[in-house]
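Once you scroll down, you'll see the structures, which are given as structure tokens.
Shared between the two complexes below is chain A, which has chain B as its partner in the first and chain C in the second.
Coming up: the complex of A and B.
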């Protein structure tokens, strides 16, 4: 069982660290998108007006007539702005509009936090192969958790009480690995299981039941009308059906308008919707998911995506996800520690160390590089969103090359230390970067999403600095 | 004593565990398919979500069972195959039924 835990844990861990790190960040995808659009800092939340919605409806009609498959997201407490979005194959991009008058708010184009969402569920490698790999990794996690439990079954209670951070390095990592594994066991099992079931059809394509490939840019909108009936009466009628302030999405298809419940409106993610005729705005149908098996699917999605959750629970998920990532990183490091003495000079060991550094330290550096690129690239750069993504992968690739250079050289441990220094310097300077590249009134008078990102990065920077000091002195 | 430790060293467990892992993964996938197939048709129509719930619960358990089994000796029952027997039978039955109905049509 030890062999199974070690190898499944290592091979799966390389993918799972990426999934957990990106998934933890994806929990705050909307907030990160807002941070990456600093122009919205000057915008004050306001209620949605009927005139603004009808005006934006006209814009969507024109976009759809031009073949762009656009839809509307309504303002929510997390994102108090009206947005017209379309899918570009990886993320939902679009323009922000003021909910008061429907005028566009000039924001820089960016994939924002949705990069992490895509990275989490498909490693940015598309819906088929990417999802397939993450599915297999999820099953690997369940196997590693099961085998780990069997290995440590007799000493679960003592392990829960034991953490020796200042003991020998191997002992400290092992304690951290076991403690995190036991404390966050329910969270990790739940996330792996629900994630695997949600994307289950990818692993069993012969059983159908799931779409295999996203339409992306070239999906025709299937709509030739230049105008729609006013959207605001449809919204009011839908709110009478589903309850006030429950509608989050307005989708358009084949001459109909669907007023769809927001994912945040209930625990069960069912996407109930009211269908209206786009021509005259009459109610055509009300679709509610009452089928128990479909509602079960909604419960699993609700548990995994937690779009319904209040902020404290979202933070709990975030911290649990980061703890899961740390647990797997500790596992990868233990694997290297175990084999370093006997196989340290072999090519495969050095490759394993390179890949481990690539996912544990280079990936977080790339995430920070993405934030930096967002603020340093000028706003009207052509294909700006694309270049931000390129910057993310470029920083990650450079981190990986540096890891390979150190791992295949005589001083592999220096590579770890240098990555931590780099991460700490990037993270600690996010706060001044935000301060210098964002214009806002009353920077010190309120706590908003921008400062939350700044201070979280700062906290992780301090942690990286602490680890760097430990590595330097040991 | 010397001979015994030499023998022990010669029998590299890596190959043995790797073969067991690969066979186990094949068995796991087969079990998943069997479980999905079992829930493909319920008495009130298909219930794929139950199939997926069952499949992803069974798959890791089967691999853990495979790795818990003792090594096979010469002439012993291939216990490695037992956990996959039921889903495999279900799958075979399903394929046979589909083939039969196709030929009948």
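Coming up: the complex of A and C.
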């Protein structure tokens, strides 16, 4: 069991640290997208008007006639703006519109927080290989958790809170690994299980297809219709069926318009929808998921995506996800500690240390580099969203090269320390970066999504600085 | 706001329960060089406090309540462990090795 836990844990852990870090950030994908569109800071939430919706409906009709598979997302408390989006293979991009008059709001194009969603479920290498690797890693996590439980079975209850930072370094890391593993066991098992089941149809195609919570992914585009019937009466009728303020998506397909329930409207993520004729706006059908197996799938997706939850619960998920990432990082470091004395000079060990640094410290630096690139690239740069992604992967690659340089050299521990210094520098300066690159009235008078991102980055920066000081003095 | 308050109280309840559990473990007391406390009260706290946290969480919607209860358990465990470690470090400063009878 020890061997199984060690090797499955290490190989799976390299992927799972990426999945957990990106997944934790993806919990706030909408908020991060808003942070990365600072032009929206000046807009205050306003109710959706019928005129705005009908006007945007006309824009979508034109886009679909031109072959773009566009759809509409309605304003929500998390994202109080009307958006017309299309899928570019990795993220949903598009234009924001004012919910009061339907005029476009000039925002910089960005993938925003959706990069982390893509990285979480497919390592940005979807839809096949990336997804397959993360699915296998999720199963690996279940095996590692099971074998870890068997190894520590006798001491689970008495050692539940045991942490000895003053013991030997290996003992302290082991305590931290076990402590986080036991305390976050319910979260880890739930996320690994629901994640594996959501992607189950790919691993077991005989059980049907899953939609991954993505609208319009495989739907044909190229609607020949030049205009649609006004959307606002359809929305009002759909709200009579599903309840007020429950509609989140308006999808278009084969001469019909689907008013689809928002993922945030219910714990069970079922995408129930009312179908209307695009020609005259009459109700054609109401689709509700009644099949128990599909409803069970909706429950599992609801548990995993947590789009229905209030903000404090999403923060609980975020902190649990970060703890999961730290747990697996501690496991990777323990693996290196165990083998450093006997195999420290071998090529494979140095490669293992490079990869470990690549996922545990270089990835968070790249995430911050992505935020920095978003604010430093000028807003009308051609293919801006693409260049932001390139910046993210470039910073990650540079971090990996630096990790390799240090790991294959005589002072690998300096590599860790330098990464922490770099991370702290990037994170602690996100707040002034936001202050200098965003126009907003009353910066100090309210607490909004922008400051939440700034202060969260600041807190992680302080933590990195603390770790750097500990590493420097030890 | 109510959700936040419920979660904060639930965290405190779980923290007390887990702290009491830790103080009932001879191995943890030995390892952290903490003095042995009165066991009766600790047993009662360990038994009652998780139910108090559950009762608080059940003021929320049921699925939110269950997830919050488990989430609070995890975070409160980190908090309780950190508190015990700090107490242990203080104890070690005040009573260097060999001077404390456990």
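We take it that the second predicted complex is superposed on the first by the 455 of 474 C-alpha atoms of A that agree within 3 Å, B and C clash if a C-alpha of one lies under 4 Å from a C-alpha of the other, contacts with A are read in each partner's own complex, and residues count from 1 in each chain.
Here, a residue touches a chain if its C-beta (ideal position, glycine included) is under 8 Å from a C-beta of that chain, and two chains touch if they have at least 3 such contacts.
All figures in this text were calculated on a predicted structure; none of them were measured in a lab.
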Next item on the list: Please tell me, clash or fit, for chain B and chain C sharing chain A in the overlay.
Entry: fit
Next item on the list: Once the structures are superposed on A, label A:267 by its partner contacts, choosing first (chain B), second (chain C), both or neither.
Entry: second
Margin query: Quick check on the superposed pair: does A:160 touch chain B, chain C, both, or neither? Answer first, second, both or neither.
Written below: second
Check: Is A:378 in contact with chain B, with chain C, with both, or with neither (first, second, both, neither)?
Finding: neither
Note to self: After the superposition on A, what does A:183 contact: first (chain B), second (chain C), both or neither?
What the structure shows: second
Check: A:317 contacts which: chain B (first), chain C (second), both, neither?
Finding: second
Notebook entry, point to check: Thinking of the overlay built on chain A, is A:347 touched by chain B (first), by chain C (second), by both, or by neither?
Noted result: neither
Note to self: Applying the document's definition of touch, where does A:197 land relative to chain B and chain C: first, second, both, or neither?
What the structure shows: first
Next item on the list: Using centres of C-alpha atoms, tell me the angle at chain A that chain B and chain C span after the overlay, to the nearest 10°.
Entry: 80
Next item on the list: Minimum C-alpha distance between chain B and chain C after superposition, to be given in whole Å.
Entry: 20
Notebook entry, point to check: What part of chain A is shared between its chain B contacts and its chain C contacts?
Noted result: none
Next item on the list: Under the touch definition given earlier, write down the residues of chain A that touch chain C in their complex.
Entry: 158-166, 179-180, 182-184, 186-187, 267, 302-303, 309-313, 316-317, 319-320, 323
Note to self: List the residues on chain B that touch chain A in their complex, please.
What the structure shows: 13, 17, 21, 28, 32-33, 36-37, 40, 47-53, 55-57, 59-61, 63-64, 67-68
Note to self: Help me check something: in the complex, which residues belonging to chain C touch chain A?
What the structure shows: 3-4, 7, 18-19, 21-22, 25, 27-28, 31-32, 61, 63-64, 67-68, 70-75, 77-78, 80-82, 84-85, 88-89, 92
Next item on the list: Quick one: which bits of chain A touch chain B in the complex? Just the residue numbers, please.
Entry: 1, 3-4, 7-8, 138-139, 142-143, 146-147, 150, 193, 196-197, 200-201, 203-204, 206-207, 209, 293-294, 296-297, 300
